[in-house]
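Below is one structure, written out as structure tokens; comments come after it.
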Amino acid sequence: MINILVPVISVILGLLVGAIVMVVSGYDPVKGYIALWNGIFGDSYAIGETIRQITPYILAGLAVAFAFRTGLFNIGVEGQLIVGWFAAVYVGAAFDLPKVIHLPLAILAGAAAGALWAFLPGLLKAKMKIHEVIVTIMMNYVALYVVNALIKTWSGGGDKTERIKETASLRSDFLASITDYSRLHYGIILALLMVVLMWFLLEKTTTGFELKAVGFNENASEYAGMKIGKNIILAMVISGAFAGLAGAMEGLGTFGNMYTRGGFTGIGFDGIAVALLGANTPLGVIFGAVLFGSLKYGALNMPNAAQIPEEIVQIVIALVIFFVACGYAIRLLLSKISKKKEAK
Amino acid sequence: MKPLEYVIEMLNIRKEFGNFVANDNITLQLRKGEIHALLGENGAGKSTLMNVLFGLYQPEGGEIRVRGKKVAITDPNVANELGIGMVHQHFMLVENFTVTENIILGNEPTKGGSLNISAAAKKVAELSKQYGLNVDPYAKIEDISVGMQQRVEILKTLYRGAEILIFDEPTASLTPQEIMELITIMRKLIKEGKSIILITHKLQEIMDVSDRVTVIRKGKGIGTVITSESSPEELASLMVGRQVIFKTEKGPAHPTDEVLAVKDLVVTDSRNVEKVKGLNLSVRRGEIVGIAGIDGNGQSELIEAITGLRKTKSGSVSINGKDITNKRPRQVTESGVGHIPQDRHKHGLVLDFPIGYNIALQTYYQKPLSKGGIIDYKAIDRFAEQIIEQYDVRTQGAHEPARALSGGNQQKAIIGREVERDPDLLIAALPTRGLDVGAIEFIHRRLIEQRDSGKAVLLISFELDEVMNVSDRIAVIYDGAIIDTVKPLETDEQELGLLMAGHSRKEAAAMQAEEGDDKHVQ
Amino acid sequence: ACGSGNDDASKDNGKKEGGGEKTSEFSVAMVTDVGGIDDKSFNQAAWKGIKEFGEANDMEKGDGGYDYLQSAGEEDYIPNLNALARRDFSLVFGVGFMMQDAMDEIASQQKDTEFAIIDAVVDQPNTASILFKEQEGSYLAGVAAALMTESKKVGFVGGMENEVIHRFESGFVAGVKAVDPEIDVDVQYAGAFDKAETGKTMANRMYSSGVDIIFHAAGGTGNGVFSEAKERKSADPDANVWVIGVDSDQYDEGAVGDTNVTLTSMLKRVDVAVEDIAKRAKEGDFPGGETHVYGLDEDGVDLADSRGAIPEEVMTKIEDYKEKIKSGEIEVPEYPEGKEPKK
Amino acid sequence: MSFLEILYFMAPVSIAYAAPLIFTALGGVFSERSGVVNIALEGLMVMGAFIGILFNLFFYDTFGSWTPWVALIAAMIVSAVFSLLHAVASITFRADQVVSGVAINMLGLAVALFLTKMIFDKGQTDFIKKAIPNFNIPVLQDIPVIGPMLFKGVYGSSILAIVAAFVAWYVIFKTPFGLRLRSVGEHPMAADTMGIHVNRIRYIAVVISGALAGIGGAIYSQTMTRDFGHATINGQGFMALAAMIFGKWHPIGAMGAAIFFGFAQALAVVGPSIPIIKEIPTGYLHALPYILTILALAGFIGKATGPKASGKPYIKGSR
């Protein structure tokens, strides 16, 4: 009960403080929040786009959460996502194959690229004990510039890749038609499958058991016969694969190609918040992604329908995360309230 | 007798953790200049009571008087000001600090705003000399022995001028030599007019040094007795609530085939210093071989090399005739080796895992706990419940985090895990460290059972008592080699002590004779 | 070129009559890219064009008048374009080549709305594509730099390498070489539009190696170029360091006490193009499916008026070149040498 | 460029690039040494960059040529106050320190941009009139080789940063406060038993980190961009975090790492005039600084472990 109450109260508190900010700066919070609501749930188009936005957040959140659960801090989801995006688009555009092969292949390419990008930090951590945070931060930049250069090379000096073939696309006329031409694509199903996969991997398999054990206590795990290095690398690689899939969602679903980028997508960094909002559990990640994705997407409608500046929405989102992080204080408050009630 | 002057009175102290009552109206009165022992089973609430006195916990009820005055000890600062110092059960030392830094922390001498380490170190050296503590002020904690760390803890309290000292299980991880030293130190402190509360599970120590004993059981005060009017047996039964057998009953050994064979083994430590230097050892089915030795003579490296946790430099290790030198830990365990590790928190347990997972930590990948890489958690639960039941692990259930169990119960779970795998060789390293007499008795019985069912047991212990009581053969390790092997019945603690100090049996005999002569002369 | 917005007002006469009915009421909006309407670059210029058009036609900000939506990321382009189309704006601008695919998709769905995209070509019947001949303006910047350099070394700092920025580079180099082929042009790209520290380091390197005029086409990275120049200027008022600004008149950015390091700026008049297209759409002359290229001749690009440091005789020379380009006598290359598209 | 010219160019550029990172990384060192993970450095830097510019713009008339320096102090104070949010969340409210940090990062940028819009009615501030100046150090600059490398075109802020690194080293390793700070990050319970107020020390450390990151941000904006906008600080905070880890949580190490980053960045800029690097296509050249860092880590830095209690809130009586 309290586990549900805490995030709900955090969200309410975040919105409340956001409302105060709006009032103070001369905007109408009621109008603002109606716009936010409509931006998320207003019509089938909004719902479709909200779900589309949630999709990569789930995967990025899984990537971060998986690493955390195995004792690693993968701050490189952003870079892994970028290479995953590129690889998926490359396979999606460069080959002519029937859909049953092409789409899975392109998705796999994304996952593989992300995994590869995470392999190096994993290897350095396993073999040389080099802190994964710093390597993954560096790998983010390397991904950004290398992918930009690859796009340039591939497109003969252009700024974007070819479009993926229809056979590699996650989009569908059906989804578009029921959501009034939103870009909702089948990626959400894949993302949810990955949630199940992560849960299964961590909670059901011997591999997951080992990964968690190594994350908690390397010495005891080694004593129990587990291979420490292998598990660290594997954890990074799986985490990177999730991140790569998030990129594949963008490449094969939302965009259908890739542009050279001036900076990061932000999804990878937001994935940290998503994962931690969800307490690093697979189910929690869904919650985090829904919260984050909805706010992010719905926020677009606040300047649109209520002329409230984007920045205020960002403030609200940050506050919501802040309050969720402060869950302990909310718990304390709740228990005090319930004690008082008992006393009466 | 002087008028009864209490420096500390803890009256009807009550401490609750949630719904659990850890201290249920316990009263403890400490006289000036006495050593007052506090005795109780693992988890009885001793540390809790002392943490209340030291200001780390706030009691729910009762009152504390210091030198007759009622006080509220709201945090350790207050305790320090009242002259109360505590040596904690789990050392409160910052590992990568030097001895001096640890000692002055919170009370630092300065010169022009910066730390005056040299002055502090001088003072530490002086104190150390005054009490015969022999501590290097500039050594890093992570580099010094447990005994030395213990003395640093004591210095911490002395440095602050504590008049009332609490020792929470100071001897649990000390070697016999170090314990002797500690006792000397305690006596010195008392002579200086200080008062001591001593927690220990070793009844002999209580008999040796304490003036009075307060016994608690399951959070309740049982009473206070005058040591000289009591006996170990009485204390034990007061504490446990039943009769305790001290000398473990066991029949003679019937050793058969060799299980463990270590030949000319050379192992280096993490700093690449040779610690095991051409060691030979053999353990057969149906016998318990005890390794006696002073800490640091290569015991840890030897076990780590056998179990695959450390690479050997040369020599060989084989189990049942099969060479396992430099095999990975998994291959070693699968060749029939069970291992109760020396450090249960570092190697023995994943503290954040449920105790059930920990019980499955060696077998989770095998049938019936898993099939085809898929773990059957129901099977793990069943298995864990069975071990918990069978080995009397006191816990709320298999899902409780290992962290929340007391050390004794953690240890029982580990023993259950290792024994239940039915290994041909069971290596038990310091298996009873920090445990109460009841638990020790239980563990010793299990080791003997293993032997009697035809397994080989290798016991490493710093406690001569334990080695003498449990082993069938005692291999004395000194400077990385087994210098002699003796039978418990054919030796005594004195001879063993001399052997452990590196003397040959002949020398030992001579020295013993001499000593005996001396005694006569005196 | 500056006052072009004003004369539209006089021509606007049909507005009041159709006022009551929504369909006949003309409204216009734009979607920015991540820069926002005040990025001192083309978003700002586009918004300026829309605002001026709106004000000139007595329109109000908001539905049925003129408005904009800002994108926080590229995933927002489609929802934003879509939102504006759904709010029944008659004409929706997309600013920036990054919006190409998004525009293509939305234009094919929202067939009743007219769209226009800046810096890219979208092949839809209801979409007008707007390109600029940045190379022509940059050519003049190159000429100015070549005529003014004392060290015979000039520099170019680009942001990300793409076709648009390549046009800047190409024109600039061509302009310099047209005056004096012996002059060195030091070309470097920062790889991003928002790395001021890299821009500054590049400028530092160039000035250190004797370059005295740097033309930047690098957005926020160009801030660093200005910082370096200004720093040198304030350390040594006699330092011969200049910057040529880009997109809008960056004279103010060059101020160092009483002096200024901005030699001139290459203007990219997105506002002119936006107003032009809006006007045509309002008059029912929307060039859907067409691509309009705005060069010197169309007032789409130019050098800023702020050329304080450029002496009169140099000005005349620049004007000469300008006329030659306008007349077609000089054709400015679109791609830098060796950077022609391979396909 | 000749080899010497390259050196003359790279040395000062590396240090100038490093200065904001040094300050911010030092902030990270204080915070993490006390056991509070500070991924919020980015947001704290943003705040500093914004306040630095804002103050500079509004008080130029009052403080004249001293403005940039006073602006550093203003940025320091505001970021320190802002960092209290992170402190309250992660120390008192036992929040996950990484989440709290992420929230602060988002909040810092959003608040700074919102205020920019409110005050300037546009997406970025005006340009400041007076930036942090650089100057040649008399006499020293004439020393052959070293002079032009280290003593020409020196920013006051760079000197300050290097001095700050040594001061931080002194404070952390030579003063009672430093000893307590480190003890709290290694073994808070031990510190508690010695009568040290664990949470108080951690609050102080986090606020110091806010103050230092604020200075770092204000140095960046007052030397590199001279205005504030959405992209002014983008990733510097994370680079500072990386510098802190690279430097093994040691002030001097962090400084060295920051200078190394500066060196790598400068190398990518002068790359086209260096024989081997010249061959790397520009696109890939942009990745060079980051690849160099990874190589350096793998090559000669190796293992780094942070303070033991880092990331864990201290809860009295738990173990």
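When the chains are written out, they are named A, B, C and D in that same order, and each has its own residue count from 1.
Quick note on the criterion: contacts are C-beta pairs under 8 Å (C-beta built on N, C-alpha and C of every residue); 3 or more make two chains touch, one makes a residue touch a chain.
Given the structure is predicted, the values throughout are model-derived calculations rather than measurements.
Touch-path distance (fewest steps) from subunit A to subunit B is 1. The greater number of contacting C-beta pairs, out of the two interfaces A-D and A-C, is seen for A-D.
Inter-chain spacing, taken between the CA centroids of subunit B and subunit C, is 77 Å. One inter-chain figure worth recording: subunit A and subunit D are separated by 28 Å, centre to centre, where each centre is the mean of the chain's CA atoms. Annotation: 35 Å between the Cα-based centres of subunit A and subunit C. Chain centres here are Cα means. That of subunit B falls 46 Å from that of subunit D.
With touch defined as above, residues shared between interfaces to two or more other chains in subunit D number as follows: 231, 234, 282-283, 286.
Counting partner chains per residue, subunit A has residues 145, 148, 152, 263 touching two or more of them.
Counting partner chains per residue, subunit B shows two or more touched chains at no residue at all. Every pair of chains meeting the touch criterion is listed here: A-B, A-C, A-D, B-D, C-D. Taken together, the subunit B residues at the contact with subunit D in this complex read 51, 54, 56-57, 75-77, 80, 86, 88, 90-97, 101-102, 104-108, 110, 113-115, 156, 403.
Across the interface of their complex, subunit D is touched by residues 25, 73, 75, 120, 124, 128-131, 133-135, 137-139, 141-142, 144-146, 148-149, 152-153, 263-264, 269, 272-273, 276-277, 309, 311-312, 314-315, 317-319, 321-322, 324-329 of subunit A. Residue ranges of subunit C in contact with subunit D, taken from their complex: 34-40, 161, 188-198, 200-202, 204-205, 208-209, 220, 223-224, 226-227, 230-231, 234-235, 252-253, 255, 257. Touching subunit A in their complex are the following residues of subunit D: 85, 89-90, 92-96, 98-100, 102-107, 109-111, 113-114, 117-118, 231, 234-235, 238-239, 241-242, 245-246, 281-284, 286-287, 289-291, 293-294, 297-298, 301-306.
Interface of subunit C with subunit A (complex): residues 62, 69-70, 72-76, 78-80, 82-83, 87, 97-98, 100-101, 109, 159-163, 166, 191-194, 339-343.
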